[in-house]
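Heads up, the next two complexes both have subunit A, just with different partners, subunit B and then subunit C.
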Partner chain A sequence: MQTLAKFRRNYFGVLFLVPFILAFLLFGLFPVYNTIALSFTDTTLMTSNANFIGLKNFQRLFADGVFINAIKNTWLLWILNFIPQIGIAMLLSVWFTNARLRIKAVGVWRALFFLPNLLMPAAVASLFFSLFSYFGPMNQFLVRNGFLPEAMQFLQSKEIARGLVIFIQWWMWFGNTIIILMAGMTSVPLTLYEAAMVDGASATQMFRHITLPLLKPILIYIFVTSLVGGMQMFDIPYLLTDGRGAPASSILTNNMLMYLKFSSSQGHIGAASSVGVMIFLMTSVCSLGIFYFLRDKDSKISHQMKF
Partner chain B sequence: MTRKISTLLSILLAVSFVLAACAPAAVTATEAPVAPAPATGKTVLKVWSFTNEINTVAIAFEGKHPDVDVQYTMIPMTNGEYQTKLKAALGTADAPDVIALEASFVKSYVESDMLADLGSLLPDAKAANTYTFVTDVGSNAGVTKAFAYQATPGALFYRRSLAIEYFGTDDPAKIQELLSDMDKYAAAAATVKEKSGGNTYMVASSGDFQNPFFSNRAQPWVVDGNLVVDPMVEKYIATAKLFRDNGYEAQAQQWQEGWFAGMNDSLVDANGNAKKVFSYFLPTWGLPYVLAPNAKSADGAHDTSGDWAVITGPLPYQWGGTWLGILKDSPNMDLAKEFIRFSTLDEETLTNWATGVYTNDYLKAIDPNVAPDQQQAPGDFVSSQNVVEKITASFDNSDLSKFLGGQNSYAGFAAAAPSVNAKLLQGSDDAIQRALNDPINQYLNGAMTLDEMWAAWKDAVRNEFPDLIIP
Partner chain C sequence: MAYKFTTTLFRALIYLFLFVLLLVTLAPIWLLIVNATRSTVEIQQGVAFLPSTHVFENYGILIGRGLDMPRGFMNSMFLAIATTVVSVYFSLLTAYGMVVYDFPGKKIFYNFILVLVMLPMQLSIIGFYQYMSKLGLTDSYWALILPSVASAGAVFFGKQYLESVVISDLIDAARIDGASELGIFHRVMLPIATPGAFTMAIFAFIASWNNFFTPFILISSIKKYTLPMLVQTLRGDVYRTEYGSIYLGLAITVVPIIIIYALFSRYIVSGIAMGSVKE
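Coming up: the complex of A and B.
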């Protein structure tokens, strides 16, 4: 009886939720379910019959080094672009919001740093491909100015290809991180800093003991969205070389491997789904880990939840 | 502190701004053409292809069938985008009726259940005397599912002026004798390098002779579910290594800037020294579509037209070609079949196609909205032997013959076409060969040993063909 009364009281609220729930079930949950179901079959796009093959797709993933290598690449590319990204974004955000420095035209700087994010990844990748090709301008510049004895195949070197992907990802995304961080920092009440200044706190102390703790929810958000985005890194490494992770599979990411299986001559969507399921599991576990380690240890809620 | 800040800010600014300013130039290249809105009251036939070429015949088809609106969609296939888009559309309402299939993946469709049986068009093919290998490629287990308007035997194109300089003659018969197998070709490469002081490369890319080697294998890649490496593949890799280590090739990548630059002498190495390329391996379509349009450099300073000659080259081969098939569930089956008959088996269409009747003005008369560069230049080698025999003589004084210093390339291709063998083609070829490219580059660079190269390739193949037995 009580639940019914409760339902009546929330009747309109439930009604308003219906469109979202329907859309979520149809476009959010069903594809996830379907992907998991497909990952246990040998479905292809080119044949009409499919069989249940249990865990065979997953066994095959671990049978050789390709999948493990893709995971390693994805983490490497993400971590090496995330550290400078958050570092530089943090530094710039502190400067931009610092009342003492009073940097002029903060809005203009912020817009300029954000600019690369507006470019199409395809255009950026083809730009870098042309810049670093064997007969491209980078070789001409370096050789004519004596930095290199002779032209080199930049995009056939593992380290340079990885470095380029990391640089492009950093370059395209640090402006975005600045905007989010600055939004977080400007929401910290000024009175806290004033009080700290009265107590004689240094800039570093204020950053460590006021800014960082109050920024935690924003940091969690940045971490998790960047992790999810990073684990699905695709367009730049795909378009920069041959779309197969060349040179020597050094920029083959999870999603590219999934795409390779999907776009193989038979279109193995069953095998591709098994990669998708593994990425899903990995990303979920890591995101929960971030929530756990960055949780607010002093608040009552986390004490009650007892992770 | 302030100085540090301003320094860092300006560096970051320079980095973001300079690169951002460069980027939009690249955007135009990736912009896809928008499909025209459907005309009312007409039957719509959806055709997908990976070049603008078939749009010409599609417009000509509209001219013959005013009640039909052919909706033409072009999706490039540089990294396999076309195949991906096509696979994603299979079985959906967005699926096209007629699809163009390139040699590298036509077999995977012909081997699948996705294409309709076109057996009813076989009498037309017989009447037009279509080359057997063209029909062979479009058939699987006795069922024909795709036809082609082209036949694509390959050849070797070389520079006459350079031939005189290094070999004392530009006579095609003598040069053919000089380059009649790959060992002789490599020996000639050494001569070219020595006599030019390293300023002329025998070939722009060792990838150029991948096709000739692969076409001359004794067995296909897959035999009874096993992955097989034919000795010809090993010979190709050894030859490519020889060319790289001795500097016989320009290290340009096929279809990239340097490769095209070599065709018009505008190739410049990183130090600013001009470099030349002696020869290109190109098939029939390579002459009108690749070599001739690129013989003049963009700034007009270099022009190699008239300085080329064509020979069979070290190895007979065939490369590329476009087949047309119909998706099994097409709602317009009869119309689609008529489109395929009209574009691949109709002698009149093929004659018009090869002799340059389909000019921009011709197409504009049918559809005023046609793009100004949409047309079919004369010279494409067609699949009907009847048409080929009929029109060969008309190319004696054509522009393409002038481009080749008076040589009638059509006659040469006509002689080579009946002997082309396409029985080795398999659906899995494309993926298997694509997977080999990067390991070969690593091996040529010295970043991988031969064993590591094979292992990397087998891993990549295993990933795409889970059921293949790989030794």
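Coming up: the complex of A and C.
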């Protein structure tokens, strides 16, 4: 009797998941299916009749250089912000968790470095647009102090526009990475370091042979979440210049291209969907690749260490 | 002795590095707030690091040119609160169902949620838009609020949190007292889970407040514009030379979040550390 009641009760748990599952089917899964289906049609927002056109949308994406350029831009903007982001975050996390250095007020430093992450990206992009505009504070500062002979149009240079997007992304995310890395580092058992010190290991050796291997799952997590986020970059490059990736499409990202197709005068949502599907395929393949190549090949060692 | 000296020197260099980094981190935000209080003339005269007294003047110009900032603020606030309540309640409900009950397929469902956290929204947004336009929901907040019933990131966080606070004896005691399963969730579990729910709420609120892309795609009437969408119009020609009011407009969107952070940074930092809180 009792087991039957327990059995019934356990199935009751499924009811708790019903709202989630329903909402997911309606607002998550069906839109995904719909996007994929649309990507094989020539649907626009202006006309009601849509035709199945097979892979034509995808062929068109590769017909001119626009899509390839957007992919290149997105990767460039992501990689060049990710490397200094993980580098500086790693350096700071090591310092912050180092028992010998005893850095004061670690919590306060960390909290302040994290602050930009919470600010509205749309407002941040507009802020940097203002700071680097022709009459903006950056020009004033550089000209008054003699660093520049006269004010310059920062946002008309491809390199500076890209550099700014990279800087903003780095600025917004390195604090986040510090928090995650520190959470990983403080979970490494202290006894491992004590044992290594007894064996006469140097700080570098301990970092390479204890911290890094045990940090691997966290590093994969940071890597993948940053990649997925980076491939979706929109607000910052969209609002930093004219919304079309000016100057000369140098900061036109995947997501901006999708939006441009969506918001074109005809509203080519079929073509926009094909961009979305391509980004998804690219992101998934790369994420799975990261999981595959960084997976625990030498799991025996880390198993022993976890012990 | 030499060893101690190098450590001291190294520490001094670290502090110097941290200080420079802090300057880089905070200078843009500080300039934003300072410039929001300065008149356009003052801003044109040069860079300053101390606030001035022209906030109200800037505010007058800001709302005097057809940009309904107070309305945008209320829209953003309404949307953020609604999304937060919906996503926290339903995510805890889902997480509770997974933590307390044992049913086949639970593990698969959980792994499925882990995958959903990673799913980029490009894959669904266009299809979502077209489907919403067929239902006549494109210019409505429903299309922004209802999907948060299924917030995978919040469920993930909620499950991790509930696993650490659920007391099965307490649930059994409530059952013996004749409480219904849903009643136990409401009257026993929710009060215990309040700190976790609060952390989830902060993240949901900030995510909705800062969200630009989805409302930008879905909302078309200016009356329903949220703050990030108004920030975009702030860049238009009407305000071209009104630097003071542009900075003030940006500050209005950013300061509430800074205040929330100042009050609850502990929750936020530990929430990030606890794992992938995405929405």
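The criterion applied here is as follows: the second predicted complex is superposed on the first by the 270 of 307 C-alpha atoms of A that agree within 3 Å, B and C clash if a C-alpha of one lies under 4 Å from a C-alpha of the other, contacts with A are read in each partner's own complex, and residues count from 1 in each chain.
Methods note: a contact is a pair of C-beta atoms (placed from the backbone, for glycine too) under 8 Å apart; a residue touches a chain by one contact, two chains touch by 3 or more.
Values in this document were obtained by computation on a predicted structure and should not be read as measured data.
S.K.: Once both complexes are superposed via subunit A, do subunit B and subunit C end up clashing or fitting?
M.R.: Taken together on subunit A, subunit C would clash with subunit B, as the superposition shows.
S.K.: Does subunit C touch more residues of subunit A than subunit B does, or is it the other way round?
M.R.: After superposition, C is the partner touching more of subunit A.
S.K.: Per the contact definition in the header, classify A:Val224: touching subunit B only (first), subunit C only (second), both, or neither.
M.R.: After superposition on chain A, A:Val224 lies in contact with subunit C alone.
S.K.: After superposition on the shared chain, which partner residues are touched by A:Asn254: those of subunit B (first), subunit C (second), both, or neither?
M.R.: A:Asn254 contacts subunit C only, not subunit B.
S.K.: Looking at A:Ala123, would you say it contacts subunit B, subunit C, both, or neither? Reply first, second, both or neither.
M.R.: Both subunit B and subunit C are touched by A:Ala123.
S.K.: Contact-wise, after the overlay, does A:Gln153 reach subunit B, subunit C, both or neither (first, second, both, neither)?
M.R.: first
S.K.: Of the partners subunit B and subunit C, which touch A:Ser93 in the superposed model: first, second, both, neither?
M.R.: neither
S.K.: On the A-aligned overlay, A:Gly65 touches which partner chain: subunit B = first, subunit C = second, or both, or neither?
M.R.: Touch status of A:Gly65: first partner only.
S.K.: Name the contact category of A:Thr47: first (subunit B only), second (subunit C only), both, or neither.
M.R.: So A:Thr47 only meets subunit B here.
S.K.: Quick check for you: in the superposed arrangement, does A:Thr283 touch first (subunit B), second (subunit C), both or neither?
M.R.: Second partner only, subunit C.
S.K.: Of the two partner chains, subunit B (first) and subunit C (second), which one does A:Ala23 touch, if any: first, second, both, or neither?
M.R.: Touch partner of A:Ala23: subunit C, not subunit B.
S.K.: Give the one stretch of subunit B, out of 57-65, 183-191 or 255-263, that collides with subunit C after superposing.
M.R.: 255-263
S.K.: Which positions of subunit A sit in both the subunit B and the subunit C interface?
M.R.: Residues 45, 88, 92, 95, 101, 103, 109, 112-113, 115-116, 119-120, 122-124, 126-127, 130, 135, 140, 144, 171, 175, 239, 259, 262 of subunit A touch both subunit B and subunit C.
S.K.: Contact residues on subunit A for subunit B in the complex?
M.R.: 42, 45-48, 57, 60, 63-66, 88, 92, 95, 101, 103, 109, 112-113, 115-116, 119-120, 122-124, 126-127, 130, 133-136, 139-140, 142-144, 148, 150-151, 153, 156-158, 171, 175, 238-239, 241-249, 257, 259-268, 271
S.K.: Going by the contact rule set out above, which residues of subunit C touch subunit A in the complex?
M.R.: 7, 10-11, 14-15, 18, 21-22, 24-26, 28-29, 31-32, 35, 43-44, 46-47, 90-91, 93-94, 96-98, 100-103, 106, 109, 116, 118-131, 133, 146-147, 149-150, 155, 181, 185, 206, 209-210, 212-213, 217, 227-229, 231-232, 234-235, 243, 246-247, 250, 253-254, 257-258, 261, 265, 268-269, 272-274, 276, 278
S.K.: Going by the contact rule at the top, pick out the subunit A residues touching subunit C in the complex.
M.R.: The contact residues of subunit A facing subunit C are 9-17, 19-24, 26-28, 30-38, 43, 45, 88, 92, 95, 100-101, 103, 107, 109-116, 118-124, 126-131, 135, 137, 140-141, 144, 171, 175-176, 179-180, 182-183, 221, 224-225, 228, 231-232, 234-235, 239, 254-255, 258-259, 262, 269, 272-273, 275-277, 279-280, 283, 287.
S.K.: Taking the touch rule as given, give the residues of subunit B at its contact with subunit A in the complex, in rising order.
M.R.: Within the complex, subunit B touches subunit A at residues 2, 5, 9, 12-13, 15-17, 19-20, 22-27, 29-30, 79-80, 83-84, 87, 90, 105, 108-109, 112-114, 251-253, 256-258, 261, 267-272, 427-428, 430-431, 434-435, 437-439, 441-442, 445, 447-448, 456, 459-460, 462-466.
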